[in-house]
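Let me begin by handing over the structure; questions about it come next.
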Amino acid sequence: MKRTTLFGAALLSILATVASAEDPSILVQSTTSTQNSGFYDYILPIYKSETGVTVNVVAVGTGQAIKNAQNCDADVLLVHAKAAEKKFVDEGFGVARSDLMYNDFVIVGPAADPAGIAGGKDAVAAFKAIAEKKALFASRGDDSGTNKAELKLWDKAGIDIKAASGDWYRATGSGMGATLNASVGMGAYTISDRATWISFGNKGDYLIEVEGDPVLFNQYGIILVNPEKCPSVKADLGQQFIDWLISPHGQELIAANKLDGKQLFFPNAKP
Amino acid sequence: MPDAAPLMPRKTSDGGSKTPRDRLLPGALRLERLALQVAGRLLVNIEKLTLDPRSVTVIMGPNGAGKSLFLRLVHGLIPPTQGWISWGEVACGEATRSTQAMVFQKPVLLRRSVAANIDFVLRRRAGTKAERRARCDELLTRVGLAGQAQQPARLLSGGEQQRLALARALATRPKVLLLDEPTASLDPASVQMIEQIVLASSAEQTKVIFVTHDVGQARRLAGDVAFLHHGQLVEYGPATAFFANPSSEAAKAYLSGRIVL
Amino acid sequence: MQDFAGAFGLAFGLIASGDADLFEIVGLSMRVSLMALLLSCLIGFPIGALLVVRKFFGRGIVIALVNSMMGFPPVVIGLLIYLVLSRAGPMGWLGLLYSPTAMIIAQTVLIAPIVAALSRQVLEALQAEYDEQFRSLGISRGRAMLALIVDGRYGLVTVALAGFGRAVAEVGAVIIVGGNIEHLTRVMTTAIALETSKGDLGMALALGIILMSIAISVNLGAGALRAIAERQAYA
């Protein structure tokens, strides 16, 4: 029948277009903070034009990114949770970890500032004040790098947020941007990496309340997934990407990435 | 092969047919202790019946007498609660049904063109596209629908739908033709056309069982008549005798146009 | 918060300017969902017809199963497909995770039960009408199934549109198995989720408006088709 052959041809052509696009590419598991801040939108087109390699990024929380990489669903891991990254390498999932760049976390909140923390330089003290006033606080609650850093601060402040969860402490269980949206929506404080905060487009009357405390330092690391554990890993292409980012050239590009005149990330790879 | 009539040369004692050979014809319907009960209601209940295998049998009876159910039973579409049915020594079932065709009281037409409704049946049999087309044209011409071949079948008038259903039944070249009031909504010319088709089919050795309420039509077509009432077989015999002198009160009342109780 | 009117203005501006990224995303959405729909129809229609034509033992259980699969949460289906397609999973060697093909698979798993269950309902009525006639004509089960699908075509188009609507609007499954990778697996819903989380409500709204327009035109199309079918007495 003519109609069936036509139908079959249409089917095949659709399948073919779906299966095509096979130029060299690697898969990076990374964090929502790097994606939401526009870091990849800036750096990947440059990399592609210089090397011809497409970098595909899956942006999830750091915890999930690491798990996905453990399932061999990545060539490169780019996250910010040093302890978890070291564990990943020690268990043999990663080849080696390199420092890539840093930025810092900032505590943001509404202009009204119900906990009275604005202008402070002490993050732990600010968290104590928020808990005391039972001012709303939105947490990522998604096992991401930011979430891990936040939990460390509550721990230092000696506050049991499990007891407050659902009350003034709200764990959104979502990415950085979604958590910022939620905070703005309900008038809660939250902690964000600076890059995501700068590029966030729905700030409303929100401001940085606390910044500059050394405990708010936020280090990003980059790891090649171990091809011995995961034979599917494109080790050469992955290593090429890592080498490029930590090279003086890559580091310069990272430093040059600015939004509204503000630098988003500070390169600190050890040569 | 549609022509492989299920003939089984087997000697049995005489059950009422004219000659022993007749009993082997595919149109030789025999049934015994036939009963159909639905939800406690006895809808059909016939002790014994043997039909003439060649004639046109007309089935008559008031509304709700069980005529349509009777056709469904002998066509093997619904299983009886009790009793047995056979056609020429073959038990009623898929094998006998495949040599028969039925036109339902309410025609069931596919949601396609008139021609496609016929072709749907023709395609079951082998044959080239051209052959099927020619046969389709021939059948539609026979029922006077040649001009409407490409029209959606369900947009035909009631009478045209009945004629199409008949043409589709004939497409299978059946050995037995079961017609449930096929002329109920036809104009006089179309009635005549259908009656001619029925008589021609009968002359070509097709057994016809024809349900009708039209006494005049029954007189014109019937070789023998079965009269049903309340699911029971009240009378069965040659048409001439039936119309001249019906033996049951119910048939008398029915023929004279009175309400049958 | 961005003001409402501003977001809408931005949205229509993006649509009117024919923004390349926007239309790439819309194109991929359509491609993935249409492909999933095609596969779902190829799977779902015959299953629906089979459930109508064959009164086999355990049919009631199968129908209940298919009906409840209609309500399976997309994220759960996404997670299951992820586990299967992950490199560490049983079909990881195919290397399909984070590809449009993976999204097509997830959406197919999601909507094939919908297509099967709804087409069974549509064909049930048709079967009630045709059954005796088909048995009288000695039509085989296979041909009866085909005839039901052909004759129920207008009803089945409505079924397909319902499946398409669900596929194209779905986010939970495709974000897990597709990964929302720019220029590769980013579709309308995952892009809306991303743009919203970036606080870029204009782009999110532009995509939302397109998505809703597609839903509305799909339903208008269904209505028009229904009218045609009724005019030909094919409905």
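Chains: A, B and C, in written order; residue numbering restarts at 1 for each.
Criterion: a contact is a pair of C-beta atoms (placed from the backbone, for glycine too) under 8 Å apart; a residue touches a chain by one contact, two chains touch by 3 or more.
Source: prediction; values computed, not measured.
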Far-end chain from chain B, centres as C-alpha averages: A
Chain occupying the most central position, where position means C-alpha average: C
Chain pair that, of all pairs, has the most C-beta pairs in contact: A-C
Centroid distance [mean C-alpha coordinates] between chain B and chain A, Å: 79
Mean-CA-position distance for chain C and chain B (Å): 47
Separation of mean Cα positions, chain C and chain A [Å, integer]: 32
Footprint of chain C on chain A - complex, ascending: 11, 14-15, 17-19, 21, 27, 32, 35-36, 38, 40-41, 54, 56-59, 68, 70-73, 174-178, 180-181, 184, 199-204, 230, 232
Residue ranges of chain C touching chain A (in the complex, touch as defined): 1-2, 31-32, 34-35, 38, 86-89, 92, 95, 97-101, 104, 179-184, 194, 196-201
Complex contacts: residues of chain C adjacent to chain B: 129-130, 132-133, 135-139, 143, 147, 150-151, 232-234
Residues of chain B defined as touching chain C within the complex: 72, 75, 77, 94, 97-98, 100-102, 104, 108, 110-112, 120-121, 124, 152, 154-155, 172
